[in-house]
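Residue numbering begins at 1 within each chain, and the chains themselves are lettered A, B, C and D in the order written.
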Amino acid sequence: MTMLLEGLLVLIVLTNLLMLGSSRLGVYIRAGALQGVGLAFLFFTGEGGWPEVSITVLALVTMVVKGGVFPMLLFRTIRQAGVRREVEPYVGFTASLLIGVAAWGFASWVGGRLPLPGVIRSDLLVPTAMFTIFTGLFLIVARRNAITQVLGYLVLENGVFTFGVALETSTSFLVEMGILLDIFVGVFVMVITLFQINREIEEIHMDSSKLSALKD
Amino acid sequence: MSHAVLIAAAILLPLVGGLLGRLVGFHSGLARLTAAAGGVLGGLAGLGLGGDILWNGGQAIVNWPWFATGYGLTLAVDPLSAFFLLPVSVLTALAAVYGVAYLGHSHGGSSGAGHGAIDPANVGLFAGLLQTGMVLVLLVQDALGFLFSWELMSIAAFFVIALDDGQAENRSAAWTYLVATHIGSAFLILFFLFLGHRAGGLTFTDLARVTLSGQAQALLFVAALCGFGAKAGFVPLHVWLPDAHPAAPSHISAVMSGVMIKTGIYGLLRALTFLGAPPAWWGWVLVIIGFTSGILGMVFALAQRDLKRLLAYSSVENIGIVTLGMGIGLFGVATGQTTMGVLGLAGSLLHVLNHAMFKGVLFLGAGALVQGTGTRDLDHLGGLSRRMPGAAGSFLVGAVAICGLPPLNGFVSEFLIYLAAFHGLLGGQGFALLPSFLVIAGLALIGGLAAACFTNVYGIAFLGEPRTRAAGEVGASPGLMTLGMSGLALACVLLAIALPVVLPGLAPVLAPLLPIDGPTLLLELLRAGAPLRGVLALGALLLLLVGFLAFVRGRLLAGREVGETPTWDCGYAAPTARMSYTGSSFTQPLNDLFEPVRTGTVERPALVGLFPAPGRMATHPGDSFVGHLFTPLFTGAETLFQRLRWVQSGRLQVYVLYIAVTLLVLLGWNLW
Amino acid sequence: MLNWLLLLPMVVGLLAFAVRFKPVLQGMLLFTAVAHTTLTVRLWGGEGGQEAVAWHGWLQLDAAGTLFLSITSLLFLAAAVYGVSYLRGECHRYPAGHQAVFVGCLLIFLGTMTLVCLAQHLGLLWVAIEATTLASAPLIYFHRSSRSLEATWKYLVICSVGIALALLGTFFLSIAAHRLEGTLILGDLVGQAGLLLTPWLKVAFVLFVVGYGTKVGLAPLHTWLPDAHSEAPAVVSCLLSGALLNNAFLGILRLRQICGAADLGAFGHGTLIGLGLLSMATAAIFIVGQTDYKRLLAYSSVEHMGVLAVGFGLGGWGTIGALFHAVNHSLGKGLLFLTAGNILEGYHTKAIAEVRGVRRLLPGTGLMWLFGFLALTGAPPSGAFLSELLVAAAAFKAGQNLVGVVFLALLTVVFVGMARPFLEMTGGEPPAAVAERRPQESVLRVLPISLLWLGVFTLGWYVPPELRDLLTRAAALLGG
Amino acid sequence: MVTVNFAGLVPIALALVMAPLLQGVINRTKAFFAGRQGAPVWQPYFDLARLLGKGAVYSRTTTWVFVAGPVVGLASILAALTLMPLGGVGAFLAFSGDLVLMLYLLGLMRFVTVLAALDTGSSFEGMGASREVTFAALAEPPVFLTLAILAQKTGALSLSGILAGIGPTLWVTAGPMLALLTTALFLVFLAENARIPVDDPTTHLELTMIHEVMVLDHSGPDFAMILYGASLKLWLLGSLVVGLILPAGLPWFVAWPAAVGALILLAILTGVVESTMARLRMHKVPQFLIGALIMTLLALVLGAR
């Protein structure tokens, strides 16, 4: 089980790095989807054999939503909006990667020192979650493209979720489902909004830096 | 009638009258009468209440339950409140009488200076609220109630100013007033909350019991000075006054200028009763404030052509005189010179009373002029004393009184302040003499300037020939307006006679401000007031002499040839009114002299060639505190704020970055 | 009862999506609002003397919840009455489908806000608060203009990011409750707060403050607020500002409640006071010289949330003052946003410089614009005066003299900044182009506004004993 | 306490009788310097008598204010006289602060004169009135300050007390200060009484006048009252100046003649000044008065040492 767990965590870290270093939107979306699937599998890494039905359902829903529905939605948006496939960064890709590595180091350092109660199943868990949260925030801040911001938000959520899974916090099934529903609707509404924006404003091309008419 | 009933009447009747007047607002006359009846009855109740407490001594206390909330509102009339209740009641009542006719006739009057656009019912409502607010301010006995009443009063005045909002200058005036009063209130809130925290309670009894460290005392004094000073109109916090008074209907200007700004003085005195023994520097500060307010008020007043602005600046000057008295009095108290303290404070208080009366007359008179001629511009008036004898006579009384000339009431209070300063000369040494010299020199200069200012006003507006057609066609003011004006003028005369006699009656009023016991205080007042008998005697002598000389003159001229001619104009054959001296010319020498402290702009026509085209010259008197202090301050702040606006850049990325940074900072702050 | 309260708006809201007949939609809106208010009023004082409970204690109407729910419900009622007239008027040109989405989202928005007030499970609370964002997003882009879309986009992303952090905080709280088996039920956490792991609780608190603070609009997390409030229709701005912000604050308060029970002393007080003052200062910067009156109101909301934060940070009288201020602010700001809606409809502009003479053109609106401004900024008689006074008093009482002074100074600056536009807009002569159109104000547009004003005016001199009692209980509950 | 000193009636009587004489002396002195014969020193009395015997002419513009001006003005100065001691003997009435009343009575006189001038609606009289109030406002502070300094030095608060306290002792201990104050008072004396270098009582061009131009329209008994009032004012302020110089505490039979003599000397001095100086340009007059103020301020500093 630990093997699987650590493997999944490494996968998540790698997807993060991939997103930091890539210039193609498609890569982002796929990496995000992969991360979502990996996250879903995390549910199955708990001790004590096969999990309860509720958790299985949760994992399946997560997998479907994050690994299937979201990428579809995003790809559709890109196609219909005729967005350029390049993400235009504020921070260059090499720099992003270097910052990512530094963040990973920092996350590992902090993760090792957090006075966590109870048994931690892997030393990688907390750093991974923190790193993922950081990556999410970084993607939102350092990229121009509006789609990346949706993705950044997703990655951020993944990070938070990793924490949840990692620490076996006992939120109940209903709440977890509620959270998932919220995230699903959230992304859905974001995409719809982007869609509308694209239709309303001709030359926007999902460049969120051009969405700055409202200011003081 | 019991005190409780009187208190309730004084507070509620004006408001009820105003509300009822608003309800019957569809009928202008009825609305005006109803509102005025409330004001007059409330004023009478207040007068009875204040008079009773001052005459018979003691206190009137009544507790009003605050519905079912468990809070009680304690209202009490102690001698200090009672004293301030007198001018408030008299002036508001007479102004209400005046208002009935004033508002009625200004309906549909000429645009511009008249208040044609405003609904009398609204004026009545807010005038009633203003009166209620002022009485409440004087009567409440706890900090919360005080702040509440204070704001009520301020807001009522704001609405009166803002009612005629068709003109940009009036809106600007309303804004200035609102801002000034709000800033003042902020200081008051600071004052009361800080003091209340130290005292462990918010009732005045609690506050009066507190002992304070020197530092706290100093801080509180400054807060009270700023808070109450903004209302009273201490320079440089006076800037709202000259804007607000022209914007309000004249009888409300009279109330605002005559008594509302005095609540600032009341508040300051009340605050002093909480703060304990005054250090000498308070006296210094007040004397300096009074000195600057008095002189600058007059300097600015001289430059005005707008009659009501001029009167507003004159209020600043009179507040300066009041403050001079208070300052020299406090200085006396602080340095142990009791006579000086008693005289200064007594003079200050009496000047409050006197100023309410004569400034009331002057504003009501100004209202009569404005209503009759449709202009507030002095240089467009002239020769009105023939056409409005009632207004002219009352105005003259007010003008003589406000210049502090004997034998009217203004002299009595200024005399006491002078006397306090002179007493200070006897007891002090070195620098301790300086406040006295400041007061004496200040009052002397103020007196001279005031004489210049009010000979100008009376001479230009009422004497000579009418300068415009409107001024030439005015009719006499309606009876109720004349009643209001002459009532106040009569009050000025009566006070001149009465004040020297009843001066010892001020003892209970002054008692909380002085560290001496009642009998000593009474003795001091009796002793210090003795010279007033000389003043009274000479006043009587003066009147006798006037009578005698008039008689002699009459006898001499009887049976002799008394001719009538045009005014001597060096033989020029066709004089017109346009040739007569205008107010602007009259005050020009003084204005030129004070140019450096008073900004303003002059438009001069460029006259070129041998036969230049007709040109106009116009002067726009400014206020150096507006031009050099407040405008730069406010625009500076605005510019600074504009520079900080990059925060809201419109970029989503930056916004999310804010979130991340805030998180990091807060984590760092809270966990390390 | 609680279930009804919750389900009614949700169900009717979902149904509304399917309705295409405009009068029915409007009827549904009005009916739900009235029913919701009725239920809320009946719940005052609880069911049979006890606090109403449902779902095994996941939902419970405690004092704080009652207060915030009442505000929400009342404001929604006013907004609904106004909204019906709004839907009949300006939006008549929109297709029925748009109205269906509008009404549906509005009702679901109400449902989610109700859930926020009721939720005793902090995970559920998170779900509810995030749901308010999602339900309100389509409301903001009702006009489907490029500006409103941009506002919606920013609203969504910023609030979602912020709230994601609150979720992290919720997880941390669960870790802190390790010895309580990670429970997230408020009652359990408060009851056995001594067993919580303090460091995690602290981190959770900070995450809650930042997360929900984004939603509340505390500077510098407020960035979405002026955009969203200014672009949304009046009804929505009114609810966002008057109801949503308070409810989001409830999220922070719940954790403060736990912190208080866990005996963390003055922990977090400084944070709240600092953020509060920063919010007030930020608001002041943007209020002075503001050119858009809806943005002005939005920044004023930032300021008032700052007042709340300062009050809660100070504790004691400050807590009562802040709770009371929440009531006053909601009534006052709600009324101003609705009034702004009338002005916008009459003048077709949001630029302060182009609006003059409201008092002459739209008498009721003009009067309320002025009165509302005075009431909101704390010129008595207005409840806001008392509540701000309480907060200031709390500062001095706590010995935080500097905080008190800065607080008063900032209030004054904001007042000065707001006074000019309000006076300028109310007075003067309306522009000729506007006057020619002869805009009308219907009674339905002025009545709810006037009633809101009457409320905040009355609270300035008479606080009903029931409300006083509720405020005291809520303050006690929140560890004031 | 209000002190009544019946001996003080004598100076009043002296003033009433002799005041116009000072005017005559000044004119006589000027004539002497101009090398003219000049009018007799009694000429002012003749003028008064003749005016009193005349009828009057009034401008149609004027109101009762115009008539009241001279009457109230003369009454004011007469009332003020009761407060002014002469030669160190107390005034008829004396009380603390009576100097304020006296100066304010002069103010009242000016007030009514100015109003009477404005009542005519003439631009010339308006101009004169304007100058009058301007210079008066500037003249007030030096007089008040002078008296305040003296009050502080002598420890008395009434005019009688102050002037009684000024004697050789004070001149010895604070001579320079007293000299400065006397000079300042003399300057104000010149200004207040419309003498050269501030005003030229003998000019015939209205544009250059101050006091004279204000009373252009008065005639007959009214004008007589004005002239008489002006003489009394000259006497009154002269007494003040003289009071600073003459030693106090002399018996009455020495003091009064000495004072009258000193007043005549003062008149001669005034005449000398008028003969040797030119009238200042109008806009220099404020500087003249501010000069007087600066002298009092210097005296204040000297006295404070």
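Methods note: a contact is a pair of C-beta atoms (placed from the backbone, for glycine too) under 8 Å apart; a residue touches a chain by one contact, two chains touch by 3 or more.
Nothing here was measured: the structure is a model prediction, and the numbers come from that model.
With centres computed as the average of Cα coordinates, no chain lies farther from chain C than D.
The two chains most heavily joined by C-beta contacts are B-D. Averaging C-alpha coordinates per chain places the centre of chain C 77 Å away from that of chain D.
Between the CA-based centres of chain B and chain C the separation comes to 43 Å, rounded to the whole angstrom.
Put simply, the C-alpha centre of chain A and that of chain D have 98 angstrom between them. Note on chain placement: the centre of chain B and the centre of chain D lie 35 Å apart, centres being C-alpha means. Looking at chain C, one finds that residues 153-154, 157, 161, 165, 199, 226, 286 touch two or more other chains. For chain A, residues touching at least two other chains, in rising order: 137, 140, 149, 208, 211-214, 216.
Here the touching chains pair up as A-B, A-C, B-C, B-D. On the chain A side of its complex with chain C, the touching residues are 115-118, 133, 137, 140, 146, 149-150, 153, 156-157, 160, 163-164, 167-172, 174-175, 178-179, 181-182, 185-186, 189-190, 193-194, 196-197, 200-201, 208, 211-214, 216. In the complex of the two chains, the chain B residues touching chain A come out as 645, 648-654, 656-657, 659-660.
Only residues 153-154, 157-158, 161-162, 165, 199, 202-203, 205-207, 209-210, 214, 220-221, 223-224, 226, 267-268, 270-271, 282, 284-286, 288-289, 359, 370, 374, 379-381, 385, 389, 392-393, 395-397, 401, 404-405, 408-409, 411-413, 415-416, 419-420, 423-424, 426-429, 461-463, 465, 468 of chain C touch chain B when the two sit together in their complex. Put simply, chain D touches chain B in their complex at residues 1-2, 52, 54-63, 65, 67, 70-72, 74-76, 78-79, 82-83, 93, 95-98, 100-101, 103-105, 107-108, 110-111, 114-115, 117-127, 129-131, 133-134, 136-141, 143-145, 148, 151-152, 155, 157, 206, 216-217, 220-222, 225, 282-283, 286, 300, 304. Within the complex, the chain B residues that touch chain C are 66-70, 144, 147-148, 151-152, 154-155, 162, 165-166, 168, 170-171, 174-175, 178-179, 182-183, 186, 189-190, 193-194, 196-197, 634, 637-638, 641-642, 644-645, 647-648, 652, 654-656, 658-659, 661-663, 666-667, 669-671.
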